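Input: a single structure, listed below in structure tokens.
In order of appearance the chains are A, B and C, and numbering begins at 1 in each one.
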Amino acid sequence: MALSAAARLQMVPARVWQAALLAGSLPGYNRPMNTLPTPESRLAALGVDLPRLFPPAGTYVNAVRSGSLVFLAGHIPYHPDGSVAFGKLGLDVDVETGYAAARGAALAMLVTIRETLGTLDLVGRIVRVSGLVNAAPDFTQHTRVIDGASDVLVEVFGEAGRHARLAVGVSSLPANICLEVDAIVEVKDGDATARRA
Amino acid sequence: MALSAAARLQMVPARVWQAALLAGSLPGYNRPMNTLPTPESRLAALGVDLPRLFPPAGTYVNAVRSGSLVFLAGHIPYHPDGSVAFGKLGLDVDVETGYAAARGAALAMLVTIRETLGTLDLVGRIVRVSGLVNAAPDFTQHTRVIDGASDVLVEVFGEAGRHARLAVGVSSLPANICLEVDAIVEVKDGDATARRA
Amino acid sequence: MALSAAARLQMVPARVWQAALLAGSLPGYNRPMNTLPTPESRLAALGVDLPRLFPPAGTYVNAVRSGSLVFLAGHIPYHPDGSVAFGKLGLDVDVETGYAAARGAALAMLVTIRETLGTLDLVGRIVRVSGLVNAAPDFTQHTRVIDGASDVLVEVFGEAGRHARLAVGVSSLPANICLEVDAIVEVKDGDATARRA
């Protein structure tokens, strides 16, 4: 199919796009894997405080298990001190703050996963993550922000933490929180707990 | 990781966030469960008219079953009189109208589920719901709007209707409809119908 | 529930909505199915160049398989010449260009599926597609744009390519790409390859 003139004007070589994205990568990106044997031991080694379980503020629950998959609700940047990060990326929240907020949202997901399965050590794979960034129309660094969540998952689950991901900018989020992250998690074969949490 | 000054300014105690969200809850929220024995009987007791099956306006279908899961396409606020709710929340649609539209989109999903499985009584669990609200950048009450869909699912399916949820604001939707809702539905064990609808 | 006056003002007959959407359909929409016997043969008959495998620019992977499902990451309009389509629909990208970009993103997904399964002929069904369009707040033709991706999937997989779909407008995307498309793919029964790619 022939592209219109307008299309050609919008075309930029992939190396430019990749360079633009990678230029935003944080120092911790692609760091060596933690060699401790289990997700729980790796999380303990991170030395981070976990938030309390966040009570859903609406007619929904934090997680539903169906067969070997656990579907997590959208999790917000809920920090151990009980605070929540608000605002829009590209307007009143900077990228580093967004990265920290995404870390916080991922830690909140860990709390929900542990509540659902009893232990993080039953996670077989983080399958899929969506990162929804509350962002101004001209914001472009979603990848760097949502790496805050993805990095936590790889730090805790190792290669089993590498997931398929979607990172997008949304025009607004409940109560103006700065981002939400959800996930689909595969439970290890042989888990003998109840079929659905 | 230390938070920047900008980050700290954005931090608001969780109780404030929760209060802000819960203040928006509608009177019907957390009402007693209907004690009728099946989803079909509970739906009948609601006394609502259902819309006709909506014909997909594009190269897609309303639902695909894979194994024990049914994946629903984005459903729109398609009312029994054939009308569709248009507009943006926070701009030209108010929250109560949005709640009613989300109810309508959930009823449209029920019509699709029944078409796919033959009866709502084969639903084992509503696993996951996404609510996409066509919203102005400063809109904050997505939770209250999408509760319109979630409340219907709990009214009809009881505890099995409680789902993991993502509710976000999008900048635009096809034909300027005011919201879309999709879902992942688990089919009951022992369903002997065709593997894929 | 009684609709407010504001709600009634927003109501438009479904036939108007459908007409508006269908008026945007491209000539290729609903064309006769290709009768070649396999997805690989149908793709070859299309005579299109495929892009190279796109390297993820962040802490994620292009696809994760869990059981019989493959979850694809958000794929971008990555063309065989290495270019990427940027810009906002309704602002600086026209609908035909968006359709072509969605075709490109779907072809990029085919490359990932083939990398994951070894061949497209192991695809049992395209289950679910999300189309995220980088769009101005008044854009309304998301359906026509994302049909670019859906049409490719039906051209290659036939009836098994018809999927449940969500098409929405987002306020921004990484590096200002004009759209992203993801998918959930069912693998054919009897696939003897490794359980997870």
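Here is the rule we go by: contacts are C-beta pairs under 8 Å (C-beta built on N, C-alpha and C of every residue); 3 or more make two chains touch, one makes a residue touch a chain.
Being a predicted model, the structure only gives us computed values, none of them experimental.
> By how many degrees does chain B turn when fitted onto chain C using C-alpha atoms, rounded in steps of 5?
120
> Between chain A and chain C, two touching copies, which fits better, same or different residues at the interface, with half of the numbers shared as the threshold?
Different residues, largely: of all residue numbers at this interface, under half are found in both copies.
> Cα centroid separation between chain A and chain C, in whole Å?
Averaging C-alpha atoms per chain gives centres 23 Å apart.
> Could you say which residues in chain B touch two or more other chains, in rising order?
Answer for chain B, listing residues that touch two or more other chains: 67, 137, 170-171.
> Provide the residue numbers of chain A that touch chain C in the complex, in ascending order.
1, 3-4, 6-7, 10-15, 17-18, 20-22, 25, 29-30, 67-69, 90, 125, 127-129, 133, 135-144, 146-147, 150-151, 153-154, 162-171, 184, 186
> Of all residues in chain A, which touch chain B in the complex?
Touching chain B from chain A are residues 54-64, 66-67, 71-74, 78-79, 82-88, 92-94, 96-97, 99-101, 103, 130, 132, 137, 170-178, 180, 182, 196.
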